[in-house]
Amino acid sequence: MALLNIKGMRIEFPSRRGTVEAVKGIDLEVNGGEIVGVVGESGAGKSTIGNAVIGLLEAPGRMTGGEVELHGERIDNKPFQAMQKIRGRKIGMIFQDPLTSLNPLFTVGQQLVETVRTHLDMSEDQARKRAIEMLEEVGIDDAENRVDQYPHQFSGGMRQRVVIALALCAEPEMVIADEPTTALDVSIQAQILDLIRKLCKERNVGVIIITHDMGVIAEITDRVAVMYRGKIVELGETAQVLGRPEHPYTKSLMAAVPRSDVKLDRFPRVSYSDGEVKQHQHIDIQSHWLGKAQAKTSENTGPLVRCENLTMRFTSRYSVIPSWRKYFTAVDNVSFDIKRGEIFGVVGESGSGKSTVARMIAGLYTPSAGTIYFDDTAVSTLKTDKELDPFRRQIQMIFQDPYSSLNPRMRVFDVIAEPIRHHRLAESKEQVTQIVEDLLEHVELGRAAAWKYPHEFSGGQRQRISIARALATRPRFLICDEPTSALDVSIQAQILNLLKDLQQELGLTMLFISHDLPVIRQMCDRVAVMQNGKIMEIAETETLFTAPQNPYTQRLLQLMPTMNFDVAV
Amino acid sequence: MSGAMTNKGDKPVARFGDGVKRALDSDIFHSFLKSPVTIVASIVTLVMILASVFAPLVAPHDPFDVATLNLLDSELPPFWEADGDARYLLGTDNLGRDVFSPILYGSRVSLLVGFTSVVLSMVLGIALGLVAGYKGGLIDAFIMRVAEIQLSFPTILVALLINGIMRGLLPPAQHAELTILVLVLSIGLSNWVQFARTVRASTLVERNKEYVLAARLIGVKPFFVMLRHVLPNVMGPILVIATLGLAGAVLTEATLSFLGVGVPPTEPSLGTLINVGSDYLFSGAWWITIFPGAALAILVLAVNLVGDWLRDALNPKLR
Amino acid sequence: MLKFIAGRLMQSVFVMLFVGAIAFTLFQFVGDPINQMVGEDATQAEREELRERLGLNDPLIVQFGRFAANAATGDFGFSYQHKRPVIDLIAERLPATLELAGLSIILALLVGIPMGVYTGLHRYGVLSKIFMTLSLIGVSLPTFLIGILFIYLFSVILGWLPSFGRGEVVDLGWWTTGLLTLSGWKAVILPAVTLALFQMTLVMRLVRAEMLEVMRTDYIKFARARGIANRAVQFRHALKNTLVPVITIIGLQLGTVIAFAIITETVFQWPGMGRLFLQGIQSVDIPIMSAYLVMIAFFFVVINLIVDILYYVVDPRLRIDSAKGAN
Amino acid sequence: KELRWAFQTDTTSLDPMGHNVTFTFSVLGNVYEGLVRRGADLEIEPALAEKWEIVEPNRWRFHLRKGVKFHNGNDFNADDVIFSYQRINNPDSNVRDRVAGVTEVVKVDDYTVDFVTEVPNPILISQWESFFMMDKEWSEANGATVPTNTTKGIESYAGQHANGTGPFKITERTVDVRTVFVPNTEWWDKATHNLTKVTMTPITQSATRVAALLSGEIDMMYPAPLQDIDRINNNQGTSVISGPELRTIFLGMDQFRDKALGTNTDKNPFKDARVRKAVYQAIDIELIKKRIMRGLADPTSIMISPKLFALSDQVSRWPYDPEASKKLLAEAGYPDGFETRMDCPNDRYVNDAQICQAITAMLARVGIKLNMRAYPKAQFFADINRGKQDFAIYLLGWTPSSFDSHNVYYNLMSTWNEKTGQGRVNYGDFSDPRIDEITKLILTETDQAKRDKLILEGYQIVKEQAYYIPLHQQAVVWAARDTIELKQRADNQFHFRHVTVK
């Protein structure tokens, strides 16, 4: 008997503007000790399935058909209280949004201990010990101290690992992992995958892994399901599906996986669209709104951004008595510069300070030491809004966590229109609408998305909203913190191509943070590698990939998952 | 909400018809239609407002016309009781005034004072609270200390102060018209701190959230960040305080009037009616206080129901 | 942090000075104390003499200077009406007021928070709707009416509880308490409930409003997904996230209840400070009013300070300005 | 037997010379005594003075009672009288007026004292019930020789402790909460009460006071709100005790401004006697009595309580006659009436604001429109008092503290004299030479019949000219359990010595 059996599941989100059918009849079986991968288009309904299995569909979503069985027992119609015994203990769930999944007011330790003690008969001390063990298992250094920190003191990848630890700490029989490794560098990713594999083999746990990362699928799953628009279009042994895909969608998906071995100029696109082959519109940037050059371009020719000896120290433990306080140096004396029109990549260990650097450049954090020059002006010393304003619009940032960077009470339209209206980048109301809709088209969301609120979107869709917003200012310098981590390869290609076009034709400069080494290789001109708050190496991309100098870089490249399937398109 | 916001950059091309169409099509309006309780509550509120505005047309008696008062008619019970008089639907008070008509007229003063003073304290409190919470530092300290000074003075004293100043500034002839203004100002000024501190507290939490950072990055001016991003997200508690504050304001008005800084006793307000009537509660003439009390309770209930709905409707996740 | 507290206390001195100053200006509008102090048939000369003796003919600024100088040494002068040092009068009544205020706030929290959580969770439940409606009726009736209704019901008709006073009081030397005797507890019930009604409603509605939002957040969903018991999700995870506005309001209400529970204290003849103040206003007892206001300012300053510190306790994100690097 | 009772406030101080408030004297009258006291019907009785005589026109001789002891056991003698005189005459005393005009007090022997006055004063002892005798030794020992003074920061020991000669001693006192009295077993007079303990509690809110009586927590209380009278009477075992009070409630009018405040005319209508009379005749006082005062008021025609003036029945009210009013108004040149304002206290007299409202209604019917303002006494008096006199028509009450018409003449009816303060309460500032003359005459006239004639004449002038519009004597309204037997005094003083508990 299968451990988990999903039969004919249908889910819809009714709303006044029409009902979204997110899942349209899905059958999926997972056996103990088996890892099933789910891949598919962003917004295909993958996360929704996961939510439905543990009975936590968000209102107004509801299951309109089908059954979910655990050990042959139907669970989708169980009362709330009974489900509470299954959740966590029987089925562990890792949500896609690790950053908003942690309660901001409790320390990581408190949340772990509570979960452990809810399900396992342990004393406070034992539970704490277990919590620390779990943190170590997911690769968090200095777990002893980290336990007592609050989620906001963790980096994106670290929070993701905490979420994983939370889901696994009660030893569930079944694990549903929704994009568990999007924010993790390859070495940590490998560690997490090992952990999952170990659970699976040793304790006979069943696992569903939802991911966009074909590398992960290839590496760990036994079987894989390919989803497209709410349906499973292909299901089979991993090697079979990846090696000899049958459904045209799967085929085009495989074709779009970025290559890690050679550098191409553009990312290949998925050309399948609902049974027909879609013609991709190519935008002519020069005549497009995005391309309308902004009046002022500076005559300076030096690097656009120059960072000198940047240091950021956080207070990691706060205390009334100053000498009891503990500090943590997240970024340690970092210097680099970014040339005009260049895409500057940053890779590195999770928690190594990449986002912190990005935020300092964006002006969101005040560095403890060091100076940032933008266009030869020391922006980090500017204080008043008046002085800062000219730079604000030129520097834009795509946040690592798209969901929390969207105002939950604003419609997507207003989110994207805000910078346009604010900087008067459009002549009329009609034009604003037109630009917004156009931007939405370019990130493949469609016009209808404009009238929805952020919570009505899937993880990848939210990320695209935040990309559209960043583009709406027509920035000169764009900071991308994991811009495509939640995107399927097809949309990833679309967006990265767009960014590349902007760079090539308009000279847009970018700071590009990513864990995805193939993407880095395709996108970036130069790359910096960070570890423990320091830059280990800066080099031309090709040089770095072909002849890494630093041992850490070498290890990273080594661990890069490779797809050893022949891709037949 | 945000959709209705205008920007200086937009040309004022919106036609009235468009606005109406848009409003009728908005999510808020639809969630309104879906909530029968809210519809009833807003109809009740509306009826009460209209009845008080058009009191001279609706009311069977004119409580301002003292000449019609007859002590002989005092303390008649409502018409359905044995000694009731059909002329006085809800009976008469200790001075022979009809109980029903002053409720209509009285709601005028009460609604006017209640709503405007709540709006005043809300606007003031929200503005100061947002600035204090968002800017922090010295500005915050200054605003909060002013708040503490304000807190130390009960409404009664504020009213006396404003009353005194107004009387000093203006010729005696205008004093009568001032009473409402004095009431609104003193109640409004006494209550802004609640809003300010609540807004500030929530703003402290919100201001470091990423969506606020994102807005700042776009280059949105602090004023608009506060208005469009922070404010909608701290609105929940504010609506609670505001809707409950309405009842408080109406009742405070009564106390102030009794203390001689409000409307004169010949000019009824809901609060004064309840106040005066409560003396007669146990002498058997319960109707003098119960009916105005019920009117106030219904109003407060209706406004709170609308407020509850509005708060939910403003949160897209709750619709 | 210590610097922060010290700074705040410094600021509070200014607050109190300011309150004193405004208070003095205010008294111009309250009436003439002389009328209250002498009989209606006192002669003009007697009035003038008294006025002179009280220093009421001095310019305001001089009067204020005198008051501030004395206040600095802990001397708030003599009550015109009671003919006793103001500080004694206040000290005598403070325990009664603090006990009443404290109990009513505790009551408001004990009832308000669970009801708020309940109504927040069961948004469409019948019981929630009943709670919500009943609580509003409590708010829309004036306090004195509620107080009197309670008295008639519980004292006159049922004869269960006393209608006035504080019952047997035990004197501990520096504090008098009614909480050590049965009659004291009986006496405090009605006024405490009356006083708590409004705060209860406020707390309940605030908690409900915040709960509704918090319950929709991802971390609550994730807590659920981890199988955390319902009660812990609701009362630990969710409730804690609703606390910041609730603490704010509770702080303000506590201050208000301590300072201006005038009507409740009057209705129940509770020998607290509110009554003292009311009498002070009615008889234009300037020393009482000014000392009282200054003391209230102090209370608010301290309460707000505690509330601000509580924010930091509740919400770690506020502890450090996370956008600033430490040096 | 225990007596638990409540009044609306507490005594502000126990110092007999600290505060000039009737209620304080009423409470202290159980503890302290004067040389004379008043009986239940306010007649003057010997107390600590057994008898007295006027040995010369301006020398009164008092023969003190022997064997009287203070509560602390000290003897009462002439030294105590002289000490008490000095203390009450201290500049810090609030009740110096009790001995105004006394130039000297002479000890004749241990039990005889002479009071010498500046001019002959036939009513010297009329207010002496509240000229309490204190123990010299006790006061000196406790540093209480000077009355409590607020500005000098002197809080007298006597403010919180009491040592009198009266029928009751104070054993326990918490300000504003409770004061406990027990009978003084050593009292010189024969106790007519049967009390063993008296507990006094202030209860401000009248509804609470009523509730406390109804629920049996107290045995007696006053004042009882008029609207609750039925409720108290209908309740098993409680009832209301009432009688007319000495205070006269009346209306006064601005008769000095050339243009009245808040009027729509360019004159001051109240300067015309016809208008004043029109106002008078437009008021249906019987209806006010019946509806607002619930029968507990005695409409009055003169400015003093009938109890305090033998010939009061010789003056009658102008009848209620709105038609006559209108005619008078027309004659005076206001056929359509006029508009002006009215000022009222709302917490001073029984149902004060309601009376005013009723009057506004009644006057409206003859065409006089009054814009009414009602406010608490502190502000009201500040606005009305001499100096500001910010009114057109106002409501006031007056009790002659000496229980004699001269007080009314002197304060309310004679022309304002800035130097002597005469006519200070004549806020309307009318001036009638004949009344001024009478005021002087009655001060020295010793023939009672002649004096009464003069007084009557003045009251008649007031009626003819309608200088004031007397309304009624409000009632003293107490309520008690039926087991309590007590005597109610018209000056609203409650003395326990008249109480017996069944």
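Order as written gives the chain letters A, B, C and D; numbering starts at 1 within each chain.
The criterion applied here is as follows: contacts are C-beta pairs under 8 Å (C-beta built on N, C-alpha and C of every residue); 3 or more make two chains touch, one makes a residue touch a chain.
Because the structure is predicted, anything quoted here is derived from the model rather than measured.
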B-C against B-D, pair bridged by the larger set of C-beta contacts: B-C
Geometric centre: closest chain by C-alpha means: C
Whole-Å gap between the CA centroids of chain A and chain D: 87
Centre-to-centre distance between chain C and chain B (centres being mean Cα positions), rounded to whole Å: 23
Centroid distance [mean C-alpha coordinates] between chain D and chain B, Å: 45
Chain C-chain D separation of Cα centroids, rounded to whole Å: 38
Per-residue overlap in chain C, given as positions that touch at least 2 other chains: 30, 144, 148, 152, 216, 281, 315, 317, 322-323
Where chain D touches two or more other chains, by residue: 207, 376, 379
Set of chain A residues in contact with two or more other chains: 364
Listing of all chain pairs that touch each other, if any do: A-B, A-C, B-C, B-D, C-D
Chain A contact footprint on chain C (complex, rising order): 1-2, 216-230, 232, 236-237, 240-241, 314-317, 319-320, 322-327
Residue numbers on chain A that touch chain B, as the complex places them: 16, 362-364, 385, 389, 392-393, 395-397, 399, 401, 404-411, 413-414, 418-419, 421-424, 426, 428-429, 432, 453, 455, 466, 469, 473
Interfacial residue positions of chain A with respect to chain C in the complex: 54, 56, 58, 80-81, 84-89, 92-93, 95, 97, 100-107, 111, 114-115, 118-119, 150, 152, 163, 166-167, 170, 311-315, 318, 320, 327, 364-369, 403
Interface residues, chain B side, partner chain C - complex: 141, 144-145, 147-149, 151-154, 156-157, 160-161, 163-164, 193-194, 197-198, 200-202, 204-205, 208, 236-237, 239-241, 244, 247-248, 251, 254-255, 271, 274-275, 278, 281-282, 289, 293, 296-297, 299-301, 304, 308, 311-312, 315, 317-318
Chain C - residues contacting chain B, complex: 11-12, 14-15, 18-19, 22-23, 25-26, 28-30, 132-133, 136-137, 139-145, 148-149, 152, 198, 201-202, 205-206, 209-210, 212-213, 216, 244-245, 247-249, 251-252, 255-256, 259-260, 262-263, 277, 281, 293-294, 296-297, 300-301, 304, 307, 311, 315, 317-318, 322-323
